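Heads up, there are several structures right after this.
One chain, chain A, appears in both complexes that follow, with chain B as partner in the first and chain C in the second.
Let's turn to the complex of A and B:
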């Protein structure tokens, strides 16, 4: 049976921002639709409206001509709309089976049968009786998908599903989605990754600043045309000039180990690598394989053996981040709002978090506010942070502007080495471009970068050498020119 | 219809208005309680809040009670601002009183200008020593400072009990649980003839000024602020977390210890069983009612001090137990926490503009 989903004149206004501005769209089963847009374009709001999480201010939703009243996620489920969120909603300590039946009141045996048949049909192989915490991200996602399929949905919405998947898992997912589509499930795929849209979808709707800007068939589009629609301007493509690098070793890590007391952290075992001046070492991996621990060990948030880290001919393994900054290291953590910056504090106060001695932010234990403010103004203009008010609380900066501020702050000291962890995570294309350009510039000034990232494209674009982290172990270090994303994908999944 | 909406940002005005709203609601609820008990609400509230401070003596008593509250609350705000939950100021006060009392007894019947400073210093050190226990256990053994500091309160009270009944009790004291009277040189001078307000108030005022300076002008204050918002960020910035935890506990302990000094070397002039009517606990309410701001704490300590006085007046004139004072203190904290809801949420009336 054909499914027709219609969104008619939907508007949702938040204080200070129109998240959805009179959006109308129509979907028909048998096709896979992409909903494309930068962060903040309004696509998440739209799918949250479809899944009953948010109630629109105006507008209606029709499924097969029936006007739906979606006041809660339960209403969406009842109306056969299934949704897989970007962040998994699973109970880690419960078994897969328990997670699957938790919101259903059918009999266990019946459900077991139903789940088995779904798994057979789509070739999923997951042990139903082990706790969810033992599953990989790809498997967890399959659990979420099965949870939707149990209710035989007419519509399946996937919100940025590939952000935690390896290349291989992504292609498996795409196969499944195509199969669902052939069976008549209407699929709406939300993403900001252009390549995936081209690879998977039949039609694409592009949103920008809450407005629907275009609906078109994929065969009439290519990556550049979609990117320009998404950003609303022509983007220049960045390319790093690959030069012959120096062989002057800047940092050398030998036999670095970290054993965590926290069962939810990953142990690091026998990490060895070195980075030369002017070089960017990329460290790829699926999130949760020890990246966060590696970053903390490198930044000094976790202290390690003194001799395990040699930087500029000094052994610094036992120094804390502030002391390492004095040796000209700088750090940009993954979590912008909970670690790299404090949203409730003003921009200039956030700048003062980098207390490099010769910046004189603090003299004899006293705050030197003038100096901090002067420097903050310089960062704002040098790094294109879109505000002129350094007293503004940093929570009012967009992700991109906040990241620029953080990178700018870290570069105050003109460090020899910048260590970044997912520096463009969740940013829009414009901001990503800016950050990438900045990182390339750092390398051009013969300074080095360690780039820990889950974004393979970013790594291939910026790195001179690449290694992959898997379960706390680093693979051998490869020249970026010899690496393909397929090869990285295999290593990220633990293969050889 | 009324809808509750989340604010985009906690409102600055509401931040300072909620303490006043909390006090107002406490008065309303207090009036209601008096009414239920069969008193005329307005008259009862007058006995509670106005009669006690209507004359010179009453006002002096107000300052006398507000002094330790202010001093302790200032110390506590160092801890609370930096995410350390020191609940044991009462114990630090008691131990400070014990140490300074012990030193004062050493100088029994001696005179000299140097005695008082030594006694005061001893109190501060006593408080610091006692506060260092939860701090060190927290930093090096990962214990919970709330539990440790709270339990130590009872330990200190038992030590005091033992001392005033046993080894330190006054040989000529007919077995009353108290020590000898300190010599005049070991006592904080009274400020006015016939009133009990003593020089301890200057210690409190000095603490206010110094804490304001530290909070807003120094690197330590900045570090405390950052740690208060996010310990992860503090770690990333490279602040020496353990050092800071110990430091704020020491400051807090010193302030509580000084409050203890004021209690025993002021009008009373000896160690006895009950050096403090739970000032150390009540000061927690004062610190939050004052929004952890030095100036706010001055006002908050005055307001809360009235509940002590009011309870006494009410006991005398209305024959109701003085524990009513604690009921009022509890209500202030309760309404403060409840009205903090308004910091993050606001009411929206249907039909009004968005």
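Let's turn to the complex of A and C:
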């Protein structure tokens, strides 16, 4: 049976922002649709409206000519619309099985049978009786998908599903999605990754600032044309000039170990690497394989053995982040709002937190506000942060602007080494481009970078050398030119 | 020296009787906390239950009205908490503390007229069987219906949480209210229900104290049992069976230290009085130290307000 889903003149206005501005779209089963847009373009709002999480101010949704009243997620489920959210909607401490059955009224035995047959059909293998927190991101996503499939949906919406997946997991997901599509499920795929749109989808709708800007068939598009539609201007493609780097060692890690007392953290074992001046070392891996612990050890949030980290010919393993900054290291953590900045504090106050010795932010214990503000303004203009109000609370900056502010705060001291962890996570193409350009510039000034990232494309683009972290162990360090994303994917999955 | 087995039986029975209010209040609070709500008003709800039960018994003369009235009083006062924390999104900790202060104050005010009035005898079950089996009879028979209910409650609670659909929903809400809401579960409704249930159990615990355990009204007669109940929930890592163990240890040591004081054991009284608190916590910490299990049974959203922004 054919499924036809129609969105008609949907508008959703938030204070100070039109999330969806009179959007109309039509979908038919048998095809995979991409909904493409930068962060804040309104695509998540639109699919949350389709799944009943958000109620639109105006507009109607029709499924096979029937006007749907979607006032809660339950309504969407009843109308056979299933959605896999970007941030998993799973209950971490409940078992996989409990997660799957929570919204169903059928008998447990019947459901188990049903789940088993779904898993057999699509070749999923997940232990149903372990708690969800023991699963990898890819497995968690499968749990979400199974949860939708139990209800035999007519429409399946996937919100940025690959942001946490490896290359292999992504291609497995694509195979499954194609299979679902052949079976008559209408698939709407939300993403800002252009490559995926080209690879997977049949039709693409592009959104920008809450408005629908174009609907077209994939065969008439290419990556550049889509990128330009998405951003609304011509993007320059950036490329790193690979030069012969110096062999002057800046940081040298030897026999670094970290054993955590928290069973949900990853232990690091026997980490050895070094980075030369002007070089970018990329560290790839699926999230949760020790990246966060490695970042914390490198930044000094976790203190390690004094001799395990040699930086600029000083042993600094036992120093805290502030002391490491004095040796000209700088850090950009993964979680922008929790680790890098304090959301409730103003921009200039957040700038003052990086209080390096020569800054004169504080005189005799008093805050030198003028000095800090002057400094903050310089960061904002130098690093293209899109605001002129330095008194703004940092939580109101978009992800991209906040990241620019953080990188700017770190770089203004011209450090010798910048350690960043997923610097472009969740950012839109424009902001990603800017951050990438900035990172390349750092290398050109003969400064070094350690880039811990789960985005393989980003690593291949920016790194001179790449290593992969898997279960707290680092693979051998490879020249970036010799590595392909397939090879990285295998190493990330624990293969050779 | 010959130890009378029936005397031992009686001591065990009295230990169990002193554990009853702790078990009732803890199991109620456990459900509330499993849904992610931290209600520190246990002491206040218990004392309200105690005065309501006693007052209703004196005024109406009906024990049934008194017991259910006490539970209803617990429900009503916890409704205030639920309305504040769930509808007006106030802070759980501050609201709970206020509830306790409010409960103690208002119970003292209502209770003024009931001081010194003797209580009524509460009927016991299976009294005719009291002399049939040595040792076991005094433990098993001749107790109030609330007593039997209390000792069944941890097992029922455990079954409810693990095996029933609604139990699963309660745990899910406590784990992640956001996910639950996106799954179409009415988080507020679940939390309201859990808070009200907790209130009813605390009311019953209070009524047990003023109507059965020491049938009279004394100001502030809960005497910190509400706080012990709260501590039991946390140190048992939200496990009803461990609450039972903890309550028994606490009740046991309280009774035994009384006897020790009476015999005149040469240990400072202060230390003896503190003993139940210390030992209970040590034992519960030791039996629940598996950090993986703690993670799995701790309601991740405990004490955090949830509001949906549409």
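Just so we're on the same page, the second predicted complex is superposed on the first by the 495 of 496 C-alpha atoms of A that agree within 3 Å, B and C clash if a C-alpha of one lies under 4 Å from a C-alpha of the other, contacts with A are read in each partner's own complex, and residues count from 1 in each chain.
The criterion applied here is as follows: a residue touches a chain if its C-beta (ideal position, glycine included) is under 8 Å from a C-beta of that chain, and two chains touch if they have at least 3 such contacts.
The shown structure was predicted, so the numbers you read here are calculated from the model rather than taken from an experiment.
Asks: Quick check on the chain A-based superposition: chain B and chain C, clash or fit?
Replies: They fit: once the shared chain is superposed, the two partners occupy separate space.
Asks: Quick one: is A:102 in contact with chain B, with chain C, with both, or with neither? Answer first, second, both or neither.
Replies: second
Asks: When the two structures are overlaid on chain A, which partner does A:303 contact: first (chain B), second (chain C), both, or neither?
Replies: Neither partner.
Asks: Output check: A:85 vs chain B and chain C. Expected answer is one of first, second, both, neither. What do you get?
Replies: So A:85 only meets chain C here.
Asks: Between the C-alpha centres of chain B and chain C, what angle is opened at the C-alpha centre of chain A, expressed to the nearest 10°?
Replies: Spelled out: centre of chain A as vertex, angle of 40 degrees.
Asks: Between chain B (first) and chain C (second), which does A:331 come into contact with in this model arrangement: first, second, both, or neither?
Replies: A:331: touches chain B, not chain C.
Asks: Chain B and chain C, closest CA-CA distance after overlay, in Å?
Replies: Scanning every C-alpha pair, the shortest chain B to chain C distance is 6 Å.
Asks: Tell me, which parts of chain A touch chain B in their complex?
Replies: Touching chain B from chain A are residues 13, 15-16, 299-301, 320-325, 331, 333, 335, 338-342, 344-345, 349, 352-355, 362, 365-367, 393, 395.
Asks: Per the contact definition, I'd like the list of chain C residues that touch chain A in the complex.
Replies: Contacts found on chain C: 165, 168-169, 171-172, 175-176, 178-185, 291-292, 295-298, 300, 310.
Asks: Quick check: in the complex, which residue numbers of chain B touch chain A?
Replies: Listed in rising order, the residues are 8-9, 217-222, 225-226, 229-230, 232-233, 235-240, 354.
Asks: Flag every residue of chain A that touches chain C in the complex, lowest number first.
Replies: 51-55, 72-74, 77, 85, 88-94, 98, 101-103, 105, 131, 133, 262-264
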